[in-house]
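What follows is a pair of complexes built around subunit A, which joins subunit B in one and subunit C in the other.
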Partner chain A sequence: MAETNTDTGLVGSVGTALPTRSDLAELSSSRKALLLMAPLLAFEALIFVVPFFILLRISVTEGSSDHVYEPGTWSLESYAVVFNSGLLHDIILYSFLLGAIVTVLSVLIGLFYAYAIWRSSGIVKSLLLLSVVMPLLTTLVIRTYAFNPLLSPTGTFNDVLLSAGLLSEPIQFVPATAGAVAGQLYIVLPYAVLAIYSVLATMDWGIVEAARDLGASRPRSFVEVVLPQVIPGIIVAAVISFAWSVGAYAAPDLLSNGITFAVHAEDLMIGDMRYSLAAALSVVMLVLMLVSVTAITLVLNRFGGDFDLA
Partner chain B sequence: MTSTLHRETLETLAFRAGYLALFALLVLPLLVVVVTSFAASGRLAFPPESYSLVWYGEFFGDLRWLTAFENSIIVGVGTAILATVLGVLGAFGQEIDDDSRIGSIVGPLVLLPLLIPPVILGITLLMYFSELGIRGSYVTLVLAHTLWATPLVYFVMRSVFSRFDWQQLDAAADLGAGPIQSFVHVVLPNVKQGVFVGGLLAFIISLQEFVMALFLSTASTETIPVLAWTEIRQALDPMVSVVSTFLILFSLVALALAVLATNLEWVSRQLS
Partner chain C sequence: MSEITLQGLEKQYGETTAVEDVSVEINDGELLCLLGPSGSGKSTTLRMIAGLETPTEGAIRIGGEDVTEQPAYDRHTSTVFQDWALFPHKSVLENVAFGLKMRGVSEDERHERAETMLERVQMGSYDDEDPTNLSGGQKQRVALARSLAVNPDVLLLDEPLSNLDKRLREDMQIELREIHEDVEETFVHVTHDQDEAFTLADRIGIMDGGQLIQVGDPDEIYENPKNRFIEGFLGDTNFVEGTVESANPDLVTVESELDDTLTIPAGEDHEVAEGTPLELSLRPEILSIDRLASDAEGTASEADEEHEPMLADGSVLNTVTGTVDTVLYRGSTVRYSVSVGDSSVFVERTDTTEESLSVGDEIRIEWNGSDVLAFHTDGTRVGI
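And then the complex of A and B:
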């Protein structure tokens, strides 16, 4: 940021001496900038914005028995199905429940782990960072799949707990919601850790030390000094965890019997080829998620603000 | 005083135990994958009863896996090239003119696809590409993956450009260099590590992406994660572990290269 300021400052100072030349430079620089950004903007418009308008359009067409939808028609029947179907209500509710549980766990554990990375140094810090970066760079298919031999009734965890005498009979972690939560948590946790860590990394440890010198206990210095400052990181962590977990596909499908919206939508699209209904369901989910994400952000912001006032 | 000290020692111990346990839990699933790839039997168990290289032999004899591997590389390279060009140019443009109105929407717009559940993106793009009649081609996969890879390249480059000394560019212009000349000879040498890391991350994102690929690929364009998914839904045998081990190895090498070009701390912070 500072560098760009000096850049414009330089143009400005030349400008006072030679107004015509600077006007020209100013104009050509913003045109150059636009030209450079044009491919990116065109790409986002064509591959991201336009497709969502197509989705919106398809969501208000009539379903068809021999096509994926009836082109050119207008109908709200798909939305009526989404609003009236008890099955879809259950599916949406389950998706949000899974999303909420995973988000809370992800933010809490992420906060703790990011703090541990921030406080460590040398080889320990590198190893801790590596332990979040490596899963993040591994396909979620593998991350989900690895939980099967670990969590199944004949799996590693049950074996260990049984032989330690902590259990009398194996627990069915998979297929069950517990397995889906564990799998999904493993998918989003690395992002949560890094989002919080990148905010922590810009913080000055001296402030925390000052609070401790003034008599704050360690947990208290964390809650009152560190926490309010990392609220922006926590918001990013919560939003990413929530958006991805509400839309979770692989973990619930492979590790539980519960059907999330994503699993059902894939069935509608690929299995039943009911495009209108899949589109309407996606639109409804996007709206619901937008509302919840806004609420989460507002609540967390207020939380940060309250601490600032205290 | 002694009780405070005692409590602080306990706190430190609990803190260490906490993050070491988490470390183990984070590494364990990857370890399971790598170890089970050396299993001798067909049953997926951790730890395996006996070890062998049987499943590696199977992998290199299996045409389906080799084709999927090729597909993944094609899509990954395509994504890396497209995302790098778009991201580098976009970030450079915004750096030249920081306070333009259009510039201020670029950041959020580029970031937004990452916050949409991949299933919704997959559904949306499948409908769109079907309308356009280009369903199932490599192009669709590259375009979809670029949607996710571009934000990484873009923000890596923003961070790199913000540390670049822009007066050098003015100096080059004063010395008579044209815009392209000064970009190639002045800007690029200073930011090439950032471009390299950005492209590498874009490749890895594409290599590992699964949900959009599931929607957009067909039997002839399916990538490694998609084939792995179909396989594990049918049978849990160590073959997927072999493939996964290769993918993990790929990421490890890419990460090592990125870290060599910059450092782990910086790379990690770019990923969030």
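And then the complex of A and C:
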């Protein structure tokens, strides 16, 4: 095999660099796939992988008083700070708390909203889908910042509650965690809805009818038939919401006093010029995120089969 | 007791009326087939019995109990769907046990009963199989087992055989018939296939345009269809247009497009007047054919035609002659299209060993006038 191919191999390597049509046809399908993915892989390598290794390298340098970090040095002191600082622990905890709240809300609301789109038809369906996509047409910062006038003590939301007599005193939604949750939820919800809806759209309503016909009540048929099948969509929605919200920057920065790790990492770099500590914090967060996203996926996947309530 | 009463059942979707004033009594333990073309409202009627659609008007009683407002999950009905609607994320056994699970039957017991059901439909060795891996016929059996496992008072079948190939469909019809005799439950079966309805049904209900037109025993419906639609739907037939030429008390003659005067024996109180336009149905099975003999005899047979002879039992022999246009072999039968006058009729021969006719042959077609069904131009049956 190797011998017979020697000639063509030589010609190929010496000859033109661009593959001809017949060369392409001879490629195995996995090689073809690789070729098609090449632009994306190059992009990912340049924008993510290489910078990540630079980040990793910076995280193990010594801090410096006159530079942002001391190039060429090796030190684990930044990791020691991350592991021992109570302030950083609080920040990490707050980030995960925000992420968890937003994720639960976005999956729950997303699930019901997607179900509503699935069950509607005609103009209602189009309107529901359109209103998911519409917010994405506005810049993230503007639509996040818009929560300030809405949620502030003198804002629209409080005005309505006050004039309706539901409140006696305005509530301070912003700057507060509630505001950050609202802002971040508004950012991730469209993605959660679309992730879940894309799975629901492939499902046959007939099996829900079959379940009801066999004696399953409405909620029971949802739990027994719809939920187990929509798990893949829920996983995608949860992972997107969680990863994005734990690393949230804009919403907590604009709407909350609580500091998330992303906000703090920026402070460390721009304010304190402590690049190696910011890098070490980021690496620790990345590892924690990977662990929790894996855990979410594994736990949710267990429900992908048969729910057993009986 | 689980007889079903439908009373003035009506279903509207916006402006469209899918089902209109359907009333019928379905007896306990009976197998009723709702037969009709697609869009005739038969599936909608079935879905209303199942509780999957709410009637706009009318009432449904099952076993004497008014269930019109009852949701599907409270009714003792069970449906086999056209596309079977098996749960793709559950194993075959779990699919069949699902209804029992919803009724709070313990896991051991429901699995045991599901297994028995699967054996009943010859799917005993497929317990752990993923339903998406099954063939159409197997899915159909699993769906049937799943519906029967809950021991419903009424089993509703929504064209469950229509996605199967012909051979399998015919086998399943026999099997379904056996299962029905076995479980002694009331079955309502929806189909657009008249052969299927005749194979399965104790009684057939014919639906068209949202209305239940006629309900009756299969032979009764076939022999005595209420209108032209049913006559045309139940089998191939020749519709021949004509006008009543004379209407005597015992005999009606019709000037037809077959270039001949056709004669139908009539009862004394028939409602036909002279000059009435009619459509006559000549089914292929009432027509007998003969090759016209050579010229000499041909003259003799033409002489016969001059007087339609009234036979001793009151029937009247009609004879026309024509030329074979096309010959179509259909396996067990041969179908000949014969041009008669300006029109053409088709006839069939089941005995293919008989000397075959070929294109251009002159033949004589004969039938008994009392076997002909007559319809008004609006489709209603003419009482002769």
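Following the convention adopted for this analysis, the second predicted complex is superposed on the first by the 266 of 310 C-alpha atoms of A that agree within 3 Å, B and C clash if a C-alpha of one lies under 4 Å from a C-alpha of the other, contacts with A are read in each partner's own complex, and residues count from 1 in each chain.
The definition used in the following text is that a residue touches a chain if its C-beta (ideal position, glycine included) is under 8 Å from a C-beta of that chain, and two chains touch if they have at least 3 such contacts.
Remember, predicted model here, so these are calculated numbers, not experimental data.
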item	value
Most subunit A residues touched (candidates subunit B, subunit C)	B
Touching partner for A:L35 - first (subunit B), second (subunit C), both, neither	first
Contacts of A:A211 with subunit B and subunit C, given as first, second, both or neither	second
First, second, both or neither for A:W244, with subunit B first and subunit C second	first
Partner chain in contact with A:Q229 - subunit B first, subunit C second, else both or neither	second
Partner chain in contact with A:L137 - subunit B first, subunit C second, else both or neither	first
Contacts of A:V291 with subunit B and subunit C, given as first, second, both or neither	neither
Subunit B versus subunit C as contact partner of A:L87, first or second or both or neither	neither
First, second, both or neither for A:V160, with subunit B first and subunit C second	neither
Subunit B - residues contacting subunit A, complex	8, 11, 15, 18-19, 22-23, 26-30, 32-33, 36, 44-47, 85-87, 89-90, 92-100, 102-103, 106, 109-110, 112-120, 122-128, 130-131, 143-144, 146-147, 150, 154, 162-167, 170, 179, 204, 207-211, 214-215, 224-225, 228-229, 232-233, 236, 240, 244, 247-248, 251-252, 254-255, 264-265, 267-269, 271-272
Touching residues (chain side subunit C, partner subunit A) in the complex	50-52, 71-73, 77-79, 81, 83, 85-90, 94, 98-99, 101-104, 107, 146-147, 150
Subunit A residues touching subunit B - in the complex, by the definition given at the top	1, 3-4, 6-8, 10, 29-30, 32-37, 39-41, 43-44, 47-48, 50-52, 54-55, 58, 68, 109, 112-113, 116, 125-143, 145-150, 154-156, 186, 189-191, 194-195, 197-198, 201, 218-219, 236, 239-240, 243-244, 246-250, 254, 261-262, 265-266, 269-270, 275, 278-279, 282, 285-286, 289, 293
Residue numbers on subunit A that touch subunit C, as the complex places them	204, 206-207, 209-217, 220-221, 224-225, 228-229, 304-306, 310
